[in-house]
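Please go over the structures that come below.
One chain, subunit A, links the two complexes that follow: it is found with subunit B in the first and with subunit C in the second.
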Partner chain A sequence: MTRLSDHSKGRPTTNELCKFLSEYSAWLIGCGATCIRLEKNVRRIAAAYGMEVELTIMPRHVHISVWEMSHTNAVTTIASVANTPISFNINTQLSELSWEIADKKIDFSDATDRFERIITDDHQSRWQVLGLVTLANASFCRLFGGDAIAMSIVAIATLAGYYLKQIMLSRNIDIRVTVIACSFVSAILGATDILFAIGTTPAIALGTSVLYLVPGIPFLNSFSDMLYRHYICAFSRFTDAIVLTCCLSIGLCLGMILMNVGMF
Partner chain B sequence: MWIQILQDGLFAAIAAIGFAAISRPPKRAYLYCAIIAAVGHASRYMLMSQELAGMHIIPATICASFIIGMLDVFLSPVVHAPAETCLFPALLPMIPGIYAYKAFGGLAMCILCDQPSAFQNSLFLFAHNALTCGTVLLVMVIGATIPIFIFKKVSFQATR
Partner chain C sequence: MNTPFLTWLCIVAFMLLIIVINICASIQRKHMKHKPLFQIGKEFEEFFIPGDRTKEEDFDDDETI
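Here is the complex of A and B:
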């Protein structure tokens, strides 16, 4: 990233600010922020340096123009949206950074350093996530009326499926292929309650076993973008979510056919 | 009755913590996700319970998601995180997964069956569950976003 040329003043040039904002936007939207948050944060930062900004948010790119208040000098950049998993930790820290800049708590040089640290220091224990997701999906099963046996089966199906998801994503396998494979494995394990007739709510066990794959955040983000009239991003996120839901359904269907269990 | 309500809140809290973990929130947000999800889901349970309000899932979801939105707006400055950080994980346990599953089943049976009466039944199953699922999703987001619209200043200054 370009460093500040006049550190003593703590105010970037139009070029430097535009480059910083384009990277900031690419990461903020990539980590799962809504369009309205991106707009507000970017405008806040630009206003702190006495500049104006206009941005176009597209599903895979962000287009930013930065002006001096006098409108004499404008710089435009297009940045690709960062290909990163959803992270509210990054989202939170980037939003905090925007307020620190707006409240003049840090200068531009510190802001760029802080930004680098935020995007590189986001680590999470995969085993902790695996355990929590397993417990969550078993609880989900209970919320839908599943008995203790259904909950146990769902926990095992989720553990296996989510572990497979972590392995496949770490090897950069396409997310759609990953969702089909994970849903297939979880459906096979979830169908054991029907096959061996060991519980009283086998259909709930099977139906819930794949629900950890439902792309909830893209669905909710798409509705939020729609309410703020960001229709292109809303439609794109909704389509992404629908594609993943279809992949989930394909895996579920294949698992059910293989285990020879009916829908209802 | 009250034990069932508490149970519902407890399992919703566990579900919210687990699903929150997928979206990597700051560690301090987990507790608040759990509290908001528990209150929201237990509210919906009470509203839908025949012994209490006996409401349909759609109006019950609007009320519960509005409660979630209000709690979220006023707790997000305490958590020092954007409103979505706790809002989305708290809403996830209310996602109508079983309706989606049944809608998908109905669609598959529509394609596979060859008798008109069976087709009609499957089509009803598909349409009813898909419409319910879609409407619940929509009202859930609208209900939770209204407080963010009303209290814009609070919700967008949470990280200040």
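Here is the complex of A and C:
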């Protein structure tokens, strides 16, 4: 994907705005925004510069056409959806950017600079994320009625599984293989309570040890897209989420079979 | 030794191994420039005779051998 040039000042031409909006859309949808959010943000930006915009949002591409209000000089671009991890931070900042443009707080050249900064400066500490995911999953265990021992076991299982996930994804291993491996490892470690009979809620420990792998955002986004009649994107996201859930189940079942845990 | 315990032991050992390897690798990266123990080099990197070309790009197509 090309970077935007910074020669444009004040009000952009249709060409410049179309290029900016295509990159903006590619990043916004790539970092986990719903189709309706993308539509609203893009229309808001285009309206701020007195232009009209039409979008076709596909699962892997966004097709944008920008017109002057007089319906002359139309420009169309197609952008591939950015291949980036889901980031609410980028999502929020891009939405704020659209409001700042709409409120005329920044001009176009500042907006392009700001956009560049948003997409390049999003660095999250992997250790911080690892710690927070571990705490969140242990809390889930407590919510489902797990005791302190179950919470500790879930924390360790999550720590190991998520650490493995970070390593595998950093080596560009397929996400489906990664989810199977991580759920398998977490299920085996989550079954510690059952294996050594050290707690009172072993089934809860095992069940909640893989919850961190549930693709919640794709499920929620697919539901949102369906409500707003973006059926193609909704179906695509739903299928993605179902595939990941199946992978999670494969790992969990494999772990349960090897640990001689009931249900089968 | 039963299957569940053996499986559990293997997974714990595997995870510990991964953690130890990653910690060692990160320490190594921090303290020294990474140089692999074995690597495949080019011939001119191993044997240099005065007059040899130092870069492959220096090759002149017009030159007759």
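Following the convention adopted for this analysis, the second predicted complex is superposed on the first by the 254 of 264 C-alpha atoms of A that agree within 3 Å, B and C clash if a C-alpha of one lies under 4 Å from a C-alpha of the other, contacts with A are read in each partner's own complex, and residues count from 1 in each chain.
What we mean here is this: a contact is a pair of C-beta atoms (placed from the backbone, for glycine too) under 8 Å apart; a residue touches a chain by one contact, two chains touch by 3 or more.
Being a predicted model, the structure only gives us computed values, none of them experimental.
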Can A:185 be said to touch subunit B (first), subunit C (second), both, or neither? second
For A:259, select first, second, both or neither according to whether it touches subunit B, subunit C, the two together, or no partner. second
When the two structures are overlaid on chain A, which partner does A:69 contact: first (subunit B), second (subunit C), both, or neither? neither
Looking at A:249 after the superposition, I want to know if it touches subunit B, subunit C, both of them or none. Which is it: first, second, both, neither? first
Look at the residues of subunit A and decide whether subunit B or subunit C touches more of them. B
If you stack the two complexes on chain A, which partner ends up touching A:40: first (subunit B), second (subunit C), both, or neither? first
With both complexes superposed on chain A, which partner does A:197 reach: first (subunit B), second (subunit C), both or neither? neither
Which of the two partners, first being subunit B and second being subunit C, lies in contact with A:163: first, second, both, or neither? second
What residues of subunit B sit close enough to touch subunit A in their complex? 7-8, 11-12, 14-26, 29, 41, 80-82, 84-85, 88, 91-93, 95, 97-98, 100-102, 104-105, 108-109, 125, 137-138, 141-142, 145, 149, 156-160
Which of the residues in subunit C end up touching subunit A in this complex? 2-5, 7-8, 11-12, 14-15, 18-19, 22
Which residues of subunit A touch subunit B in their complex? 32-34, 37, 40, 85-93, 95-96, 98-99, 103, 122, 124, 128-129, 132-137, 139-140, 142-144, 204, 207-208, 211-212, 214, 216-217, 219-221, 223-224, 227, 245, 249, 252-253, 263-264
Per the touch rule, the subunit A residues reaching subunit C in their complex are 160, 163-164, 167, 185, 188-189, 191-192, 195, 258-260
